[in-house]
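Working notes for the structure below.
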Amino acid sequence: MSQSAPQHIHAEELATVEPGGDWHPKIVAFLCNWCSYAGADLAGVSRLQYGPNVRIIRVPCSARVNPQFIMKALQNGADGVLVSGCHPGDCHYISGNLVARRKFTLTKRFLEFFGIEPERVQFSWVSASEGGRFSELMNRVIADVKRVGPARRLVKNLP
Amino acid sequence: MDRATIRKEDIPKLKGEGKFFAPGRKAGDATAFVELVEEPAEILYEYGNVRVPLKQVFFPQTEVLCEYDFDEITEVPLPTESIVVFGARPCDTRALAQLDAVFSPEYKGHPDPYYLRRRENSVVIALACSLPCGSCFCTVTGGGPADREGADILAHELGAAEPGAAKPGAAGSGDTLLFEALTDKGRALLEAHGELFAEAQAGQIETAQKAAAAAEAKVRELNDLGVDLGAELDALKRNMDPLFEDSRWSGLTDSCIGCGACTYLCPTCYCFDIADESRLYKGRRIRTWDSCQFPLFTRHASGHNPRTNKKERLRQRFMHKFSYAVENNEDVLCVGCGRCITACPVNLDIRDVIRAFAKGIQSEHVSQ
Amino acid sequence: MDSRTEEIRQAARKLFAEDKIDLFIGFEAGTLPLRSRPCFISAREAGEDGAVERLVWDSFCANNLAAYLQKYHENEPNRRKPREKPYPRIGIAAKACDLRSIVALTKERQVQRDSLVVVGIPCRGMIDRRKVEAAAAAGAAADSAGGSAHPGPGGAPVEILAHRESEDGVLEVTLRGGQTLSWPREEVLQACCLECRLPAPEGADVVVSGEARKPGDGGYARIQEFEAKSLEERWEYFRGELARCIRCNACRQACPTCWCKECFAEQTDLKWIGVGTEPSDTMFFQIIRIFHQAGRCVECDACYRACPMGIDLRLYTKKIVKDVEEAFGYLPGFDPEAAPPLTTFSEKDTDSFITDPDKPAGAGGDGAGAGPAGHETHAKGH
Amino acid sequence: MNTSVSERNATAGRAGNPYIPYPVTIAEITVENEARDLKTFKLVFENEEDRSAFAYLPGQFAEVSVLGTGESPFGIASSPTEEDYLLFTVKLTGTVTAELHASEPGRRIGVRGPLGNTFPWDRLEGKDIVIVSGGFAFTTLRSAITYMLAPENRKKYGNIFALYGARSPGELMYKKELAAWKDSQDIQLHLAVDRDPGEPWDGKVGLVPNVLRELAPKAANAIAMVCGPPIMIRFTIPVLQELGFAKEDIILSLENRMKCGIGKCGRCNVGAKYVCVDGPVFSFAELEKLPPEY
């Protein structure tokens, strides 16, 4: 198996990969421009170590993240999805993340209800000054996803 | 050997090298959904009709046309497996004959290789309908419970209950079937499996004919819509076109919610969509069932839509079946199976439409 | 037929006579047993003999009529000039759930409440025709020695030719073959009616007489039971049900609060899902479709009834209703002022689902939502 | 009405399968207008046998196929007399056109066709030709004019009159061809813009129907071919009738949403006629009998 998880892969093939073995999960992170993305930046500038498995997508605000984004990432083969915004009360747009929090509360519970592993889709708050927190968060998410193994549910089967 | 009998338990032995489809129950459905499944062990004999029509076997909901990697196309080989279908109701095989016409190279100049290939490799055994339901109106559209069109073999259950018999328990209790070969393909199947068949007795043939006649009378009794569409194709052709502007359409379509249940479950509706789906540059081109009831069906890229509202879309569905198809195909694109009636979430009933326009269609005929 | 049929007709007649409405939406007798169907009577038709007399009320008026209103009361945010024609005034026979949908649509400006005359009907519950068919099949099998029932169209296990409802709440059906079977209607009511917490319409303009049924308990216990299952079991149920989906959109179209002009499933510039029946596409569609009903769904089960393939996703609609109520204390009801839960927030909203790297517990477990199963997977992982 | 597809036994797609496109390469991309939303794509077949199988006449269209995005039908803007390539002029509208517009020369794409009927070439022989067009619908008429002006064809037709209008001079397409035709004795070309362009302009000013009335081409022994936006068509037809053109002698080209292009998928119908096989070319007399669903 290659360094990164393959983009298109059949469920059976995935099952042969040993969870926690050589496999590197692919994680999509939606980060708000004002806090979490800056936090990720700070983590980089500070040379804090975290797994190289993350594809960061910068969004203007965590409230911009539609549950469809998360579904689309999973359908396209992401093994994990992280959404992170400013801490409640710190939103650049005053209340964006508070509205988002309601949406994410439901999203999180709903996906688990269908049978999507809770480790797959995670939400967090990281501020611009929390480079350390960001790298810890990423390592936590990567470890969680590694534990549950490659995504099978919701992955679209394409040639 | 044109007529022969076979025991029901031997039916699965007709399966050739390829696929075998027969009515069955799909697991996990509390509402007795029935589909033509590939598991020959549990053939269902007692059914009014299967929920998903026979078209699904030859014109699957999703068909891969080709695969591609960036700009390199890989053709998907045409289906080669042989197909035996057992137990399709005559309305469904009649619908198949209509689809044959649409997908043939003679229709508008091009063949549909996927459909045609499956049909070439198939033998379709119809099972005469002894149990017409309240929503069946096959006789109105030119068919009947023992219609032969589209089938290679017509099977009759011997010892099935008379329709409407006081005791329903006897339905389908006979364990012998009478097969009538209708085409060379049908005869070939009978010959290939000669050991399973016994010669039909005159009495058995008579029983089958009687049952068929009784079933037909039953359908006529259940649903006399005041018009015989199959017999009046010329009148239809002349009289449907002016109905395009009829003011009754909007009343007939008020309750439509615009879903595609009627068209997807219609055995004759064949409209489809072609779409690409890929991840990065690798993917496939598929075609899938589509429905004239969806606004997107006709919407131009510019946003202009020739059929903007549900009245126009519903009218299209009926005009296609009762007018355009008659002009293009010399047939009504409806076999009276009643699926659209039972599947409709709001009980919008095609029989109401036929009844509403029956007079207009027939007037000329009557005055002659 | 319900004795209130006549009251509904009178209400409609009066509204037409006083020129208060241009259209009345109610129910008329269906063309199949166990069905009544939506009926539209325009002011022009109302004058004709027998037009208003088409209206009926019985235990089969299950469709949520609010689904039709948006078409007449289109919200046109981009309109520059004021509307030339006023919105049509519509009288509508509404059960409590229809009215709750109307309230939800009003809040979202999809329906002009001022142009509606709601004839509220205290609801006694509607009969579930699939339940009746299943009960009839079982009854017929038990009754006729050794035989089986005459099957119905489209895979129905039994063909019911006619039904009759008595005033004292008994449903009698006649099967092909002449057999009759009967049940107290309470036994064959829709699950959503048995569990309904708000059967009496509040805020209707006209209310017909009669008592609504006793409120149910909401049926959240079923959800808790399902939450307690393993992830694997939950996934298998979902996968199994959706394997039958044919993408006909009946669920979406029947839903009164699925009102988007362009569904995400049909957006082409950004293609969210494919048009075929690939399982991940049908799943994506249903997950998002139901999710979009958060704070809107009134559990009328229109989507379930509409499905021609008998796919049962009622667990998921109830789940979203339960989560919205538990997390935000909101139940879509009759109050037009209550803000929809996803348009607002509270600083006290839960943070329990957040992954906090500073806390050891970690990994995604939102105990509140996942129930024991979340922890179970977690434990399995170690 | 015209040469039907089946008679000419077109295969439409690779290996006899009408759903599989012929591979072609984009050889050249020309920006046609100032708004830059019209580009002409010159496509070259990869295989000689595909090129010869793709035998078409002006008026027909093809499905241009961008793998991964989809297919869209476009009228063929080149003429069969331009043997080495196909031309399609594409307006930036939806997803396929956006992908095409974002392409560079050298990209490999696909083409299925030729599809649909042709302009009524048998009937046009020996007649005077009146061409009226507005906007970017001029594409198949470029094909028709190029075809008729080819030396081997020119003597088959009488006088050729062409009126082509656009919003402004910058929106007129095919500048090179227009310049050549203006100098040609074989065709009387009139160009028009809707409003005074505020720049040097030696053509007409006015909407196409009005300019047509003013130029008043003769209807005797003539057939008119009209392509343009619906609003232009609506006002042009009465003018042609005033000039004495019979309904049968006004030739129009329709477009509707299409997928298969071969009369199977069911969406482009106008009444019982399918635009993809019975059309896109119809006479006004034929269209009058059809419901207005286009």
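Observations on the structure shown:
The chains carry the letters A, B, C and D, assigned in the order they are written, with residues numbered from 1 in each.
Criterion: a residue touches a chain if its C-beta (ideal position, glycine included) is under 8 Å from a C-beta of that chain, and two chains touch if they have at least 3 such contacts.
This one's a predicted model, so the numbers in the text were calculated from it and none came from an experiment.
Taking each chain's centre as the mean of its C-alpha atoms, the one that lies farthest from the centre of chain B is A. For the pairs C-D and A-C, the larger set of C-beta contacts lies at A-C. Each chain gets one centre point, the mean of its Cα atoms, and the points for chain C and chain D are 50 Å apart. Annotation: 34 Å between the Cα-based centres of chain A and chain C. Averaging Cα coordinates per chain places chain B and chain D 40 Å apart. Counting only residues that touch two or more partner chains, chain C has 274, 278.
Counting partner chains per residue, chain B shows two or more touched chains at residues 273, 275, 277-278, 283, 290. Among all residues of chain D, those that touch two or more other chains are 94.
All chain pairs in contact, by the document's touch criterion: A-B, A-C, B-C, B-D, C-D.
For chain D in complex with chain B, the touching residues are 4-6, 10, 12, 14-21, 23, 67-72, 93-94, 97, 107-110, 255-257, 259-260, 262-272, 274, 277-278, 291, 293-294. Contact residues of chain C toward chain D in the complex are 268-269, 271. Touching chain D in their complex are the following residues of chain B: 65-66, 68, 70-71, 73, 75, 78, 102-103, 105-113, 241, 244, 270-276, 278, 281, 283, 285, 287, 290, 292, 297-302, 306-307, 312, 316, 319-320, 323-324, 327-328.
The part of chain B that touches chain C in the complex is made up of residues 25-34, 46-52, 61-62, 131, 133-136, 161, 164-171, 173, 251, 254-255, 257-261, 263-265, 273, 275, 277, 286, 288-291, 294, 296, 338-339, 341-343, 345-349, 351-352.
Within the complex, the chain B residues that touch chain A are 67, 69, 277-280, 282-284.
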